[in-house]
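Here's the structure we're looking at; comments come further down.
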Amino acid sequence: MNSRKNFIIGTAVLALLLTACSSSSKDVSTAKKITFPTEDLTLNISWWGEQEAPGATKWLEETMALYHKEHPNVTMKQVLQTTEGLVPAFEAAAAAGAGPDIQYFWGGIYAQQPGWDGHIAPISDYLDAEELSHYINAGVEEGYQGKIWTAPWYVNPSFPLLVRKDILEKNGLTTPANWDELMKVCDVLSKKKITTIAGGVKDGWFGGWIYSILGGQSVQSQKDVINAVVGNTSFTDPEHAGWWVKLAESKTHKCWNDDINSLELYQAQQRFVDGKAAMTITAGPDAPNFAKKAGGDSNVTIMAMPAWSDGPMAGKMGTTSQTLGITKWSKYPQVAADFIKFGHTAERLNAWYKLTGSMPADDRFDLTQVESQSTKALFESAISGAPYLENFIPAQLDAEAVFKNVQLILKGSVTPEAAAADMQAQMERLRKTDRKLVDNFTAWSK
Amino acid sequence: MSITRSGIHGSLLGGASRYLLLTFMAATALIPGYIMFVGAFKTQADFLNSPYGIPASLSFGGFRSAWTDKFPQWLINSFVITTGSVVVSVFIASLAAWGFAHFPFKGRETVLGVTVSLMVVPPVVLLIPLFQVGVHLGLISTLRLVIIIYVGLMLPFSIYMLTNYFKSIPNSILESASVDGASPLRIFSSIVIPLSGAPLITLGVVNLLWAWNELLLALVFLQSNEKRTLMVGITGFQSRYSLDIPTVMAGMSIATLPLVVAYLFGQRFFIAGLTAGSVKGE
Amino acid sequence: MLKQASTVGARNGRPRTISAGQQALKWISPAGIVLIFVFGYSLISLFTQSFRYDGKWVAFENFTLVLTDPLFQTALKHNFYLLFTVPVMVFLAFLLAVTLFETRRGMSFYRAAVFLPYVLPIPVVAVVFGQIYQLRGALNIFLTAIGLDGFAQDWLGEPKIALGTMASVILWKEVGFGVILLLAHIISLPSEVFEASRIDGAGFFRVHWSITRPQIMNTIVFFSVIEAITMVSWVFNYVYVMSNGLGGPGDSTLVSELYIYRSAFSNKAPELAAAAAVCLFLCTLLLVVAFFRIQRRSISGTFGR
């Protein structure tokens, strides 16, 4: 075991040295230029994200045009996929071994799984380590045994709680500093028939968010969660099950809107903008827009979920990046990589912020251009945020155990103990049906 | 016209109660269409405040964001795919149905049974294998491939429906033609088809609606923006985190309008088709 | 109109005698080719995949995994429950068809109205009913307004009733199709059928129940088969858009197709999807065969040859 580990570390160090040398030497980089194809070629990009980062299409079109100007032989085409279409289209393409050259992936497991399945070529084969070291979250989420599967594109600070000061002040309340204070706010507001936190779980995703921001508080790191996934620990252990109790507590204190089960998240978030709810939780890239609509910095506090535990991640903002990967079947992986790198040049990073109002996944992005203090703080927290837990469990467990039981807890149909037991039972089943899961996750956590 | 509809009125279920039933059902059927249509003219905030009322002021924002530069292309694609697949499916299904109905060959029931049972294959399970075939033939993102797949998926139902109908054409009519020496082709084109106006039109309408509204296959098989169908383009307005309802409603209104207009204008023709079938059963 | 028959083909003699099989083949082959293209390879690869994992033969392992999965059992159970919608839908379609048949004034308006839901795209239906069935949606507002607040429910949010709510939407959308099918057949019936009963002075509904219904039995059975198949193999679109692809709340609206879809696409387990699809295929086949048996027994002698 130990010797294997040493071997891996040794290889990784060697690889790092080699790439470091090659990137510092000018001769090699001109050699790269020579291998850059000169014939006419077309690159296809299949992506998603306009919905959470409005303006992304414009940025992509611009970037493609600029790249074409620099490399006239490269023509680029982009297809914005629907939420329904993103995964099926990619899976069908993968099954057939033909399709887009650059594909969009959510972070963590969503980028790892295609890598494990052999559908993508690691970006680290084409971009050097120094360049990738600037890509926010690349190592934690996309790293696998010294490789990095996909390149982070933009950051999703995950997930901020937005608080309206006006509603709290009118009811003699202040911004809660911890979980118990939040429960007190709920008690006061619910007596006055005001929703404390507007949410919607009909479309499920919010369940995963809640898991990440509540469940993350009682574990030491994402590795604890992977341990439960592979079966070293159990999802019924207190460190993994405690958050179900807190979620049920928030229901008892009537923190949520009573129609949370029949609303989609976005419909619910609108109530926050309309001043009918004191707080809400939004997608990271969208949080600045929401804050602006509800009165800007003077009225809205953007913060991490108040802490209910003293774990290292409690009270800390999570962070995840949405990524672009190069498909295994792409004929021009080096051009695809070069295009991705082009998107990380200073001018392009600034353009991303200007067009979408959100943060590009690059620590070289100049934060001084961000005027709103709350937005700036949000961006800063995302550079060194807590790992986003939902991205470290199998997607199937997320949908079939987390989404489902969050819905049932908020409806009062199951107890926290039953929810944790169900999650554990599904995990055990999943280890049987996905016969490579344990090996893959074990390798990932190494 | 050989129909008399007099005489059965006024008894158990009186005229008034019949109209009451119809009005209730019509209202139930129309309300969602109404919500879609008025929703299209609201702003997102208006819609969330009052989803069902008449909009206080007309907003065309939904239409503006729905009508992107690709919209006319999507409309044309939908039109081509729908027309192509409906014409082909109804044509070859009627040939096959006649083959099944007219020729009592050995194993007919089995072949028909297998054909009809293909109806039970959910399209979901065909996605990946069909995509592999498509890539192999180099037909991904072509309208041709989607038309063929649609035809294939509509055929079992179409053949079943038409066989059922053709079988119910009285033997006496067909036999007298055979005695007169008409070939099966002749009997088919000059007797069976004219007698089958109602089922053919009904089938055409059903297939048309299915093809126009199909989503899953179009999503996966038409990968480029220029080749998308209207329904796929519009569903793209829906999203993981946000749901701009007026835009979706506006897009849907535009997508539904051709169907509603076609139906309303085609009603006369539709009725003619229905009553043309009245001779059968005699 | 019958005179058409006698005007056709005045030539003497019968056509050459070729075997019925050869003759039929000519007519059937165009459809046959398309069917083989679309289903042939797909079904074969589906069956072989269901016995394999990672390219290796695993016998029935995939089937064991799928059939012992509580989720798949739940999904099948829900499909089975949905089947109970079929008799309701068929009865309602029949009632509306005969009522429309008896209505002269405004018939085309009512018919168009009843057919409209069948025209609307399912995504529209999902968005609109998603609004109507909310806890603060139109239905509950309406129920409260007429003093029936006791009946107000969290229609889509309450796991116990969500499947019923889903069924009501399917019913709402599909019933118009049945009305049109049945109405087409009723209109094509000879008028003597009804005249005889008018002399008897039988009541409106009784006339149609006892006289019209047997006459249009093959269309009724046809519609029932189609809808039964719909409930088992074609409800994906409804469930997918109404529950945002989750089959929730909890797993209260999970159906087999969604299970297959999720296995293949979200869970990256195509071999389990294939095994589940084969199971679903066999279940529906059984259903269809049973229906055909019933159909042959009930309508032989009424129609056909």
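Think of it as A, B and C in the order they're written, each chain with its own count starting at 1.
Criterion: a contact is a pair of C-beta atoms (placed from the backbone, for glycine too) under 8 Å apart; a residue touches a chain by one contact, two chains touch by 3 or more.
Chain by chain, the UniProt names read as follows: A, B, C = Unannotated protein.
This is a predicted model, so every value here is computed, not measured.
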{"item": "Identity of the chain that, by mean CA position, is farthest from chain B", "value": "A"}
{"item": "Two chains joined by the most C-beta pairs in contact, as defined above", "value": "B-C"}
{"item": "Interchain centroid distance [CA atoms averaged], chain B/chain C, Å", "value": "14"}
{"item": "Distance between chain centroids, defined by C-alpha means - chain A, chain C (Å)", "value": "41"}
{"item": "Sites on chain A at which at least two other chains make contact", "value": "84, 88, 91, 95, 203, 264"}
{"item": "Numbers and ranges of chain C residues touching at least 2 other chains", "value": "137, 264, 270"}
{"item": "Per-residue overlap in chain B, given as positions that touch at least 2 other chains", "value": "127-128, 132, 215-216, 235, 238, 243"}
{"item": "Of all residues in chain B, those that touch chain A in their complex", "value": "44-45, 48-49, 127-128, 131-132, 134-136, 140, 215-216, 219-220, 223-225, 232, 235-236, 238-243"}
{"item": "In the complex with chain C, residue positions of chain A that touch it", "value": "84, 87-88, 91, 95, 113, 117, 201-204, 258-264, 395-396, 399-400, 403-405, 407-408, 411, 413, 429, 432-435"}
{"item": "Complex contacts: residues of chain A adjacent to chain B", "value": "46, 48, 50-52, 77, 79-85, 88-89, 91-93, 95-100, 203, 205, 264-267, 270, 274, 282-283, 286"}
{"item": "Chain B residues touching chain C - in the complex, by the definition given at the top", "value": "2-13, 18-19, 21-22, 25-26, 28-33, 35-36, 39, 51-52, 92-93, 95-96, 98-100, 102-106, 108, 111, 113, 115-130, 132-133, 148-149, 151-153, 155-157, 159-161, 164, 167-168, 171, 173-174, 176-178, 180-184, 186-187, 190-191, 194-195, 198-199, 202, 205-206, 209, 212-213, 215-216, 231, 234-235, 238, 243, 245, 248-249, 252, 255-256, 259-260, 263-264, 267, 271, 274-275, 277-282"}
{"item": "Chain B-facing residues of chain C, complex", "value": "1-2, 4-6, 8-15, 19-21, 23-28, 30-32, 34-35, 37-39, 41-43, 45-46, 95-96, 99-104, 106, 108-110, 112-125, 127-129, 131-132, 137-138, 172, 176-177, 180-181, 183-184, 187-191, 194-195, 197-198, 201-207, 215, 218-219, 222, 225-226, 229, 232-234, 236-237, 256-257, 260-261, 264, 270, 273-274, 277, 280-281, 284-285, 287-289, 292, 303-305"}
